[in-house]
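Here chain A shows up in two complexes: once beside chain B, once beside chain C.
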Partner chain A sequence: MGVSEWFKERLGLDDLPFFRTPDYMYKVEYWLGALVAGSFIYTVISGLILLLYYNPEAGYSSTETLIQEVPYGSVVLYSHLYGAYAMIILAYVHMFRNYFDGAYKKPRELLWILGVLMLVLTLGTAFLGYSLIGDALATSAVDVGEGIITSIPSLSFLIPILFGNYDAGDYGRVLAWHIILVALIGVLFMLHFFMAEHYGMMPSKKEKNKAPAVYTKEEWQKFNPWWPRNFVYMTSLVFMTWGFILLIPNALAYLNGLPQELNPFLNPKPAPPPNSPAAAHITTYPPWFFLFLYKIADFTSDVVVFLLIGVIIPLIYLLLVPFIDRSPYLDLKKRRLFTAFGILMITYLIQTTIWGDLTPGVEIPVYQQVIVYLPPAVITLAGVFLIPTSRKAVASPYGTLGFLVASLLFSGSLVTLVVSPSALTATVFALFAVLFLLAARSLTPVAIKVEKQSQQPEPQPVVSESPRNLEVKKRLAEVLISLLFIMSVVLAAQLWTIPATGYASNMFGVDLGLIFVMLGEAISLYHYVVYRK
Partner chain B sequence: MSLKLSSKATIAIVVALMLFSVVMAFENVSLAQTSPQIPVYKVVGSADLSNPGTASYWNNIPWINISLTANIPNAPTSGLTHYLLVKAVWNGSWLFILEEWPSPNPAYNAWSAAAGALYPSASGPGLFRIIELTPGTTYTVENNYTNYVSIVNGKQVTGRIVFNYSGITLPAPNGTQIYVMPNGTILLYHSLRPMEELLYSDGMFYGYYANSTWYYPDRAAIMWYLGSGTPTKDGMYIGGKYPGQQFDGFTLKDAGGSLVQQGGSANIWMWVSGATWNNATYDPAFKANLWENESLTGLPYVDPGDHGFAVPLYTNNTNMYEVDTSGIWYAPVASSGLNGSLFFIWTGAKYVDGNWIIEFARPLAVPPAYEPYMPNITVGKTYYVAFAVWQGPLGETLFDKSITPSFLTLQLVTTPPTTTTSTTSTSTTSTSTTSAPSVSSSIPSTTLDVTLVGVVIAIVALIALYVVYRR
Partner chain C sequence: MIKFRLGKDEKEVLDYSNLTFFRKLASKIRDPRTKFDVKEFAKRGDDYLFNYVNKNVGSVDEKRRKFLKSLVFGIAAAAVVGIIPGVRVLVPPTITSVSGFPKSLLVDSSGNPIKASSLPVNSPVILLFEYPMTGEPNFLLNLGDSKGNPVEIPPTTVTIPQTGKTYQFPGGVGPNKSIVAYSAICQHLGCTPPYIHFYPPQYVSPAQLTASEPDQLSAEALLAAKQNHVPALIHCDCHGSTYDPYKGAAVLTGPTVRPLPAVLLEWDSTTDYLYAIGAIGVATYPNGANGVPSNDPTDDLSNSYGSPVGDKTTASGTENPFSS
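Take a look at the complex of A and B:
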């Protein structure tokens, strides 16, 4: 431990104002924020590299040059795109996880609000970055964005401010905003990060089941210090994240001729330029993370209504939820309405995204919106409100299973009823509705029982395995570590034979990604060997 | 720790039930759609093809309104018919399908180009195609091609025509004939068929040119999917004469008219106003008694009852063919043992009040020799059909047409239709509660899919939260 101690002393690592971490928190679900930060940092670094080559006055052609001629340019560009994708997806996961945990409650309200603002900024930044490519998709996305703004006449003045001379092919202003917003995210991130370190990660409900869910100074002092365990664990997470960010898009670059529905998600390559004849033959679609907005635009021709449904109401809800849900309870069973809202937000986000992907620009009448959005709402509300009511204990996997079967039958019959209303379908629906309610009730004792159990002081968790078993596993992990290192070295040694440009060059990204993933896994195994008790 | 036998069985049952319920969840959607989009109702009676749609049983059958769309969205002359009304019945041995669509300007006396090509003295509209190039397309004549001739505005010049659209250039074959309209739009005269694919892929294909004296016949076609599974693509490729055709320095990947749906094949019944209508006044092929002239058509085409007919076509991923005929439109699918079945599918057609009304009639069963290329239609089986309509006077011909966006399901049903329309006939006292078929066809399947996705996500989220937070 000499080296570690040396660094600890020289850098004063024990005096860092970082949160000390209890043993049970070394699981990835406690580190989702670190994953977001990891992808953010990757995207910033790759973006700075791209900035060296990008010319905002020739957006499309400089992108093409970057892909065709700059050494490993396409590797950096595609992974920049997927770094942003990863950041968006992970930010959603991070947000919803904290939502269901009740992490927005006292004392973390500001932390939550900063996070929501960062999500908005991230989506905005991603949109601007997407526009910088200047292909037919980007220009059409900017057109749509400009169209939304101009349809509110008093906001038209924003267009030259936001987009500059975009339509004439000068993307300088968009590039500037792209960078400014990233800087803003960076500033908010620092605040978010230090507040998170101040309050610590959200403790397990077994430890703290009411807000304010923070450890006291005394409890805190007993946990692991940041150096070296957190450092090791974080390094493994960052390597893994970066590995996948490099690996996925560069592998996808070799897929050609995807079905149109998959293009928004799986095609890292730019589309043809907007003024080319080929542009007439492509379906334009927004970046996937705005597909949901694109679909909502098909629901109404009134832009104000559109903005209310798609942006303003969800955003205000998310910003204000710490002040709406003011009870100290963290348990989902005591926050049923908010749980239902959370599930519905996820459901509707995914549903609308898929809908926008399948039927871009096809107008949707109100009755079809009802067909699509009502059944999940009914199921969610029923599920959330009915689960814990009765008190007889009938715990078994069958309860859950029965509930699953019943809800599927119930929702299917509801759709049938709406599609073809008749006495027969109504009867079937009523039958399955009863079945669904019964199944939901039969589940409740499980929840109640668990609730009761969790109130009793449990014996110390008996998670530790038999020492011999653990010893064998650690041996195995050591072997794996050496294997991973050997494979990384083999891959790294042949990395330099990959041509820097052209068709084969994306293999560089694939290989580098694999090396990162393997290193991440090796470090994670190292963490296991050293710290697992 | 080893699992007890009983707990293994429990797990197996749980997993099996889980899978079953997921399967049932998807099954449920098709339950919602079990009534076919086109139910073929059982009736008593026969077809009156001389006056389609007048047989009394048609009064009890509701029209099904089918939306049509452009098959090539980028050609302004495609997709000009927005809907098609369809009814279908069967009488135990025959299937009758009635179609009606608005067509303000019927294509009288326009030849089907293939039929016109058989008849030496054919004249009038429709004999060949004129392609209108995308406005903004320009041309140059490259004089260094000294062995090429081109015809520009009726004048023969030496050299090769090269089209240019937004910097994309396309050299034309030897002997290309163009006409430049006063506004600069270029018309390309009776070019070889692969030119369409080349023009289209370079964004130069605007559509077929038509005016009051030059137009194409009206057409209606029904496509019957013959492959397995549920077909998702009802389109055909634009292309060359055969896959991989080398044409003037270009290689054409697909044959024009070959089916896009991979691994599938289809039978097509094609009615053409200028060749299969059997109208001695307005159908030039029947006016010229073309089908009775075996020396021109190659096979004896005998019409047993003075009907019109529908050309039996067969398409797969390789090419488009004719079934059991001598190859007037496309090559015969089988070159030996031809009997000349042009009149196997009967049609009757009339033009009334701005609408075409066409009736197709075919025996449910087909002779064994036709079975690989035509569906045997039986009770209890679901068929996938697609419809196409061409309005020739508006420039729709060949692959430029209005089609159903996807295949529709068709089934023979044994229940009578519910009479929702207030006809004077005595209302049926049957207790059947079959819903009106037009309702289920009005909800797109994507909407149901998205609903299903939402339901599954909501349930999975509920269960996931329950499992995670139970601890």
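Take a look at the complex of A and C:
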């Protein structure tokens, strides 16, 4: 304990303006922001390494040199890409989680708005980063971006400002903007972070069910201080995030010949350069996080309408929602309309993304748009407004929410299957059908139980975990930590034998990722043994 | 009897962790080595017991915690040890700075030097060698007339249509002065073989107008060949650029605005070996292709392609585009 105490004293860890955390918050869903921050930090570090090698005057060939010749260059490059992917996915999850929790309400309105702005900046940075490779996909993505801007004549002055001499092969400006936007994200992140620490994490609805959902100073003082428990827990999450960011793309690098529909999601490798003969034979597609915009562009030829549907309306809604939804209630059933909007946003985002992936650039007539987008709206609105108000009659709000989303995806994929039947749509449909059935089944016992309960109103006593069980689990955790230690030593030794370049070099990323995941898991188990009561 | 799961109206008497503690304490008291003094305990009571526990039983959790902590730090150390070889990512791959063109002996795929007199005339097989850097392919051609007899390629002046500048092409080498070598990367947009390749005289015919890619000839190319009395062509099927192999790969038809750079060859008449000794013309595509072409062929030595080929380079040809 001496070392820990020494640091605590020297760094004034007890006086940090960090949120003290109640016991029930040591679950990953309260730490989604930390996951986003973790992937942000990973992406910044790997990006700085890439900056040592990238030459904006020879975007494609310097990327190729990096992959082929720089020691572990492909490991860094692919994980940089997936760090950005992870950041985008986690930012969406973080945002929607807070949306459904009503975390945008008083007093966290500014926190929410900063977060939405950071999402926009993140997507912009990702687009610019994607353009830096200079392969056939990147140049076509930039062409599309330039096309959107030039079709509004008063905006075309932006093109030289944003892209510089991109078409002539000079990516200097794109690189500069990529870095500037990251710096902006960093600044906003600091603000977002300290505001989040100031208000504290969003409490459970069981504790605070009305805005302002903040703990009072007295309540707050009783919670766990940041050092050391929060630090331990956070470290475990960050290492696991980093581990998966390293592990997944480097394992995927060994998959070859993916079907075209999976390429936007699973292929970390650059496409051929735009001037090569091979470029004429590939289907161009945007990065997966812009597939939805790509599809919306097929709905209308009017760019203003496109921007309104795809960008401006959702963005303005998200920025203004703290001021539209002004009731103090956090309960989903007391703000049904906003719940419905949230579910619809998720459904439409996923639906349109899949659609854009399956039929890139195919124009969609209005009646098909109605077929695809109307049923989810009807189901959601009906579903949300039919949930009974009485507390006993429903399952947990999240369970119901899950069921709703599952049924939406189910119906959406059914429509997609009907509109464009193919092996992939069939698979997606089958997948969502299974999901829907599982969700329905998981809800059924709840419904039956509710009926039984209403017959005999005596509430069941809460059975907490018996000390013996906990003790057994802790012993198990100790054994697991020992096993993880042994495996990590073996893997670390193996890392020294992996060649720095060539086909086998991506195994370095896989192995290092595994060690990080194991380290994160071990810290998490340690946290369980030491702090779990 | 000890019950671990409580029934409805039962209350907990003893915590499990307390029970384990008591069991441990009891076994310690029975252990003669710990010298539990009953008389002292009777005299001082709680105080004695407290000291005894602190000394002998200790805090179980503290030990366990330290052990686990060291394991976690062990894994962290393993991660650090694992990262160490990865630090090599900061070391740039060795940049071999090349000040001049290497003199490279042309060898076949089994490593034997290529004999100039045994090179087939007007061969449809695409024969390529990398020079001066890896990743820079060049055609090796033994040119003949329409009857298949080798023809002497005289020195000639080549014009770069893009700038109007000219340079001197030194002509063919070998026993019949019929052997030439040109970059195999099209100067228009960088297409590589088999999209760009040599069309021997028998294939410079209207029959190729309808052939499938990559053997098609455009009507424009055919017309240019006829007008200039060129028996054989280098033609790129990507966009239709045509070059005259007899005149230093000068431009016959667009869209290219630059001739193919030529590789300077040297023929050793005593051994019949061929050497590549330099390049002339514009730089290999894409160097100098953005806007103004670079007239400096040493741009080919930029390391963006790879490493220099060294004193030997392999010329290999396996693909006959016309037979597929």
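In the analysis below, the second predicted complex is superposed on the first by the 457 of 533 C-alpha atoms of A that agree within 3 Å, B and C clash if a C-alpha of one lies under 4 Å from a C-alpha of the other, contacts with A are read in each partner's own complex, and residues count from 1 in each chain.
The rule we apply is simple: a residue touches a chain if its C-beta (ideal position, glycine included) is under 8 Å from a C-beta of that chain, and two chains touch if they have at least 3 such contacts.
Since this is a predicted model, take the numbers as computed values, not measurements.
Novice: Give one of first, second, both or neither to describe whether A:Pro153 is in contact with chain B, with chain C, with both, or with none.
Specialist: Touch partners of A:Pro153: none, neither chain B nor chain C.
Novice: Quick one: is A:Gly257 in contact with chain B, with chain C, with both, or with neither? Answer first, second, both or neither.
Specialist: neither
Novice: Pick one for A:Leu344: touches chain B only (first), chain C only (second), both, or neither.
Specialist: The first partner, chain B, only.
Novice: Contacts for A:Ser413 in the overlay, against chain B (first) and chain C (second): which applies, first, second, both or neither?
Specialist: So A:Ser413 only meets chain B here.
Novice: After lining up the shared chain so the two structures overlap, which partner does A:Ile379 touch, if you call chain B first and chain C second: first, second, both or neither?
Specialist: In the superposition, A:Ile379 touches chain B alone.
Novice: Based on the superposed arrangement, let me know which partner A:Phe508 touches: chain B (first), chain C (second), both, or neither?
Specialist: Only chain C; A:Phe508 stays clear of chain B.
Novice: Does the superposition put A:Gly2 against chain B (first), chain C (second), both, or neither?
Specialist: Once the two structures are laid over each other on A, A:Gly2 reaches no partner at all.
Novice: Per the definitions at the top, what is the overlap between the chain A residues touching chain B and those touching chain C?
Specialist: 275-277, 280
Novice: In the complex, go through chain A and note every residue touching chain C.
Specialist: 49, 52-53, 58, 61-62, 65, 69-73, 75-76, 168-169, 273, 275-277, 280, 461, 466-468, 471, 478, 481-482, 484-485, 488-489, 491-492, 495-496, 498, 500-501, 508, 511-512, 515-516, 518-519, 522-523, 526, 529-530
Novice: Give the list of chain B residues in touch with chain A in this complex.
Specialist: 10, 14, 17-18, 20-22, 24-25, 28-29, 31-33, 35, 74, 165-168, 201-204, 433, 435, 439-440, 443-444, 446-459, 461-463, 465-467, 469-471
Novice: Can you list the residues on chain A that touch chain B in the complex?
Specialist: Result: residues 100, 205-206, 275-278, 280-281, 331-332, 339, 343-344, 346-348, 350-351, 354-355, 358-359, 364, 368, 371-373, 375-376, 379-380, 383-384, 387, 397-398, 400-401, 403-405, 407-409, 411-413, 415-416, 419-424, 443, 446-447, 450 of chain A touch chain B.
Novice: Could you pull out which chain C residues touch chain A in their complex?
Specialist: Its residues touching chain A are 4-5, 8, 15-17, 20, 61, 64-65, 68-69, 71-72, 74-76, 78-79, 81-86, 88-93, 189-192, 195, 238, 286, 290-291, 304-305.
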